[in-house]
Amino acid sequence: MTKVNIAIVGASGYSGEELVRLLLAHPRARIACVTSRQSAGQTLGQFFPRFASHPTARKLGFSEPNVDTICSALGDRGASVVFLALPHGVAAEFAKPLLERGARIIDLSADFRLKSAVVYKEFYGHDHPAPELLARSVYGLPEMYREQIKKSNFVASPGCYPTSILLPTVPLLRAGLIKPTSIIADSLSGVSGAGRKAEPDYLFVECNESVRAYGVPKHRHLSEIEQELRIAAGVPVTIQFTPHLIPINRGILTTLYLAPTRELRTEADFSAYATSVQQCYVNAYGNEPFVRLLEGKALPDTKNVERTNFIEIAWRLDARTGRLIVLSAEDNLTKGAAGQAVQCMNLLCGFEETAGLL
Amino acid sequence: MTKVNIAIVGASGYSGEELVRLLLAHPRARIACVTSRQSAGQTLGQFFPRFASHPTARKLGFSEPNVDTICSALGDRGASVVFLALPHGVAAEFAKPLLERGARIIDLSADFRLKSAVVYKEFYGHDHPAPELLARSVYGLPEMYREQIKKSNFVASPGCYPTSILLPTVPLLRAGLIKPTSIIADSLSGVSGAGRKAEPDYLFVECNESVRAYGVPKHRHLSEIEQELRIAAGVPVTIQFTPHLIPINRGILTTLYLAPTRELRTEADFSAYATSVQQCYVNAYGNEPFVRLLEGKALPDTKNVERTNFIEIAWRLDARTGRLIVLSAEDNLTKGAAGQAVQCMNLLCGFEETAGLL
Amino acid sequence: MTKVNIAIVGASGYSGEELVRLLLAHPRARIACVTSRQSAGQTLGQFFPRFASHPTARKLGFSEPNVDTICSALGDRGASVVFLALPHGVAAEFAKPLLERGARIIDLSADFRLKSAVVYKEFYGHDHPAPELLARSVYGLPEMYREQIKKSNFVASPGCYPTSILLPTVPLLRAGLIKPTSIIADSLSGVSGAGRKAEPDYLFVECNESVRAYGVPKHRHLSEIEQELRIAAGVPVTIQFTPHLIPINRGILTTLYLAPTRELRTEADFSAYATSVQQCYVNAYGNEPFVRLLEGKALPDTKNVERTNFIEIAWRLDARTGRLIVLSAEDNLTKGAAGQAVQCMNLLCGFEETAGLL
Amino acid sequence: MTKVNIAIVGASGYSGEELVRLLLAHPRARIACVTSRQSAGQTLGQFFPRFASHPTARKLGFSEPNVDTICSALGDRGASVVFLALPHGVAAEFAKPLLERGARIIDLSADFRLKSAVVYKEFYGHDHPAPELLARSVYGLPEMYREQIKKSNFVASPGCYPTSILLPTVPLLRAGLIKPTSIIADSLSGVSGAGRKAEPDYLFVECNESVRAYGVPKHRHLSEIEQELRIAAGVPVTIQFTPHLIPINRGILTTLYLAPTRELRTEADFSAYATSVQQCYVNAYGNEPFVRLLEGKALPDTKNVERTNFIEIAWRLDARTGRLIVLSAEDNLTKGAAGQAVQCMNLLCGFEETAGLL
């Protein structure tokens, strides 16, 4: 089988490392270039001892991030894919020239997730560096945009929190089962979500035996969540979202509090509504390879999806309050970042969607 | 200073251990009796190596739980306090005869928190073992019932989740600042909340690198939470409550989603409402020794209250959604259980309320 | 490619779960039977939600452990392999009849690791249940017994601590580079090493924020370690071994303190000895697919081998003391148990040795 | 009771924070000055939310570290004690002028632990900044130098590893029970031992689910350990020492491998030697307030000493190898640093030795 040449720009962060893990084992990918300012000069295997026994990791060295270097390492650009695992603002600087030279781009930053440069500025605090490209990217959530991703050469891979919130809510909104104004998302994230940043807040001693909320009440990810919810609902949506930091390495658990659109008074009302919800999820995800609808008493647990591209979803209808509670669990670095990006790569390259991900 | 004689019935669980920790160091208490079925025959110091150097722990042995044994160990019952750290249902079996013999009781179980035997049966699944005593106990939340506790000889110490939810919400309800129907409480608890139970779910490997909800949607603690919220609001209250298990030893973080009673349209509305909330909290807790209202950008973090009797509270008014977000952090074993029980002991014995707790 | 039929007897423990993880993804294996007393009636996917999306896990149910059931599930026994992930003593009860019926056995218990029934009784406290089989098993450490394993139908897979100690020491002993009497092994193990046992000692709260030695000074694994060291050294060997429990899920780090056989006085002595050690390891492991000799300043870290079949080895010659310090890191469930067992399966089935393990 | 005025120079690190914790609650101390370059301008309570409810923490602000500021905050220097919780090299810059102005100094850095400026340079890599003061300091291990500390005005508080190694070995060496050349110390430390340093190696994700040795084979603490062992043994001592980093916040567990001086052949030999060891420890520590000799089957566990000034010690004589295994557990920040420093303060101020530490 032919393999596609891959560059990972910004490979020394946690998302970059997860891309390396997945792509070293991918049957159709060949990592041809990894860049990192801080690790230039070292091989992949030296910087990531975990991969040191892989032949590619033994040989391939980090290079400085530079468009010419990347292109020359990739050779035939037509067959290549560039993953950008860079901070927002920086990613756009690479996306633009690489697209011009014909590379296919999967960007894991926030730079091309929003369709509006105004919203971008509101949430990210600076002018969008390449607003003319906003219309060209596809939001890389395969369960929502599979066909567009297949035809695209420029994917904006979703954020970790957005994935954990959108997959459980979009089908319900599309089906008109929940009120768009009612959505409350309470999310718990492992510390890798903060990136490999040497800041005191993320030291072991500061995170272990600790749990805290942060970014209350206006987290940046709200912008892309609400953009996509608006599309699903057909009306503007403003949600409540509280992220928390918990002492695990990987994983996001999201608990969603939702209000049914129908009034539920009798047991029959509840029962009929419950059937609609279940049917809605089965329609949406019954054949999805990476969405796991839990059954019976099972509830999502991050340990069941750690280092996998699966997202677990379960729901409960509360007979006391009439609210619909939906819970999801994913690995923030896999389905929440690198795994989903590889899923997109599989789609746009015409590979099996699950290649390298099971 | 004279000391009060103390018995701790059920001293080998986590709440019992925390009572031992606090009372061994308490200037006005003398532990005269500890009981435990499983540890009978061992000294306190043998079962809890952490306390092994304390003179009392070196000598005092666990006895079988038995009313006669307890009373004879306590001697002059008038000056004694019995803490019950037993499972619900069992606590009542001890409370009744001990009260009859004149002991003062602080019960950490759920048996005497509810005023209604019907609600007890609904939530705990069996008939209440001593319904005639329900009217005699005081709910042991000093910030709400200080004067009653001072005069009482029978305190039902609140649950860990209820403490973390009631302290932030009761003042707002009393002041009419939030809608009683709107309350959503999302709580994260350390594993000691499950007790020292040898069940596979609480093994290190099953909890570490894991986060999961449980008891969705009808946790037993709802019964006492809603009883107290109803009293505060003057109308029946049904809340949404989701507990989660996170990999820390001790601590509960609760995030509350609340709807203001006033409509907030203009900036001036928001500003005035924010002032009311702040004033409400300052009025309620400005002089409370164990409630810490956070200022500025600070948000509650369980590591700041671990092994203390403090509860941290902070709030944010979300200009986008109009919701009031309140967060609290406590140690589930201290302010959420044993520390609060000792605070009640201090009140009913006429000691400094903070004795042994700072 | 044809697949071999697999039975995993005792599949609900941690080693069993790791076998399931590896064999579900193995290109040449087909799990045909999983047994578990406690989980009988559930499917693999119900008991292990992590695997719930795998077609086999969705369908295959746990059966009661029973030789007839196992054999009938396996069908053509000639092509089948049975993994025994059972407690010592119990494993022998299954090994004997299964061998008689022609199955190939890979036993992860301690029952067939020792060549002497006397030593077995000394360390395991009961008579060996099938001493007549002791001569038939091969010790399943591929780096030492590769050719014997290839020809065998009965493999006794090594313990987790023994693997972490034998791989670093055997080549040095064979080469006469260290004194057989000098060996001190200090090992740190994750909690999964204790098995999925619901005992208070292994509760999250008892292990988290704790580190402790156990089994001092006579751990059962000493018996197989010393048996193999004696073979390597040609003389009886008695070692010092201290296991410790640390709060991680998976992984063993072993630090070995060794005395060189040569007297090292001059810098030239040290330098020559260091060269011999390095040469010894390169000769022994330079071509081994799962032994990673670290270079430069790198030291073993369990996080680099977690969920892999690799063992990392590094050494330092201490110029101050003249001692040779060797460190190893492995995953106790993979290279220390199930991964190594699959490596043996690959050998005895004639597959690529690394199949399903990279 | 009169209180002594306290300055803590470098109060924002982990040892500084532990000093703050202990001294805020100390009945004879009054913190008058805390310095920190990074936190200047904040109050103690703002920087350490845990202490925010303490009246002193609410008012006292961090000042820039400056000798004049410190002295003026302390007022009457005769009654004051200055704790230096600074990096080595920097501590000496403060010790010198403060001693000249008459302050009593307890230095938690390594600057004045060694008696030889040559050894200092060998291990710390730079010339000693104040060699003329080396003779004036007392090594602050109360169990060894109690009388000298009482008379001193300048204490060099021991390192965390040295405390965990010296307390178990010095009595044995003094009694001639172990060979000075045989000592191997294998230590496991929580991450707070690395300080509040924002380096990638100490990020939560890099430490959690990881265990690794570091500083092999020549850790800086060897210099003070060997200095004190030499004094105890009367001959030069070179030991083997391997520190490891494990994912706990606080605590050090040390396992010592020791060779008895007597040859142990018969059971009677072993029995007599065991009696000598036990007697030696009882003589040395039977009346020590902070050394806990474990009995029966108990083994040291860091969780039993966390946030206490106790050190647990247990020993086993291995009948198979003839070695003496001694284990110790302490909290690296308390008995290993700040607690021990406060113990020294109690001694040199003439307070109860245990004041503020039980």
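Think of it as A, B, C and D in the order they're written, each chain with its own count starting at 1.
Here, a residue touches a chain if its C-beta (ideal position, glycine included) is under 8 Å from a C-beta of that chain, and two chains touch if they have at least 3 such contacts.
Keep in mind the model is a prediction, meaning the values are calculated, not measured.
S.K.: Would the interface of chain A with chain D count as same or different, where same needs over half of all numbers used to appear in both copies?
M.R.: same
S.K.: Tell me which chain's centre, taken as the mean of its C-alpha atoms, is farthest from chain A.
M.R.: Here the answer is chain D, farthest from chain A.
S.K.: As a quick test, compute the distance in whole Å between the mean CA positions of chain A and chain C.
M.R.: 37
S.K.: Would you mind pulling out the distance in Å between where the CA atoms of chain A average out and where those of chain D do?
M.R.: Distance between chain centres, rounded to whole Å: 47 Å.
S.K.: From the mean C-alpha coordinate of chain A to that of chain B, what's the distance rounded to whole Å?
M.R.: Going by mean C-alpha positions, chain A sits 39 Å from chain B.
S.K.: Enumerate the residues of chain D that touch no fewer than two other chains.
M.R.: In chain D, the residues touching two or more other chains are 206, 208-209, 247-249, 301, 303.
S.K.: Can you check the complex and tell me which residues of chain A touch chain B?
M.R.: That would be residues 184, 186, 188, 206, 208-214, 216-218, 238-240, 242, 244, 246-251, 253, 255, 257, 299-303, 306, 316, 318-321, 323, 325, 327, 329 of chain A.
S.K.: Using the touch rule from the top, collect the residues of chain C that touch chain A in their complex.
M.R.: Checking each residue of chain C against chain A gives 25, 49-50, 52-54, 209, 289, 292, 294, 298, 301, 303-305, 307-308, 310, 312, 358.
S.K.: For a test of understanding, state which residues of chain A touch chain D in their complex under the given definition.
M.R.: Within the complex, chain A touches chain D at residues 14, 190-192, 196-200, 202-209, 247-249.
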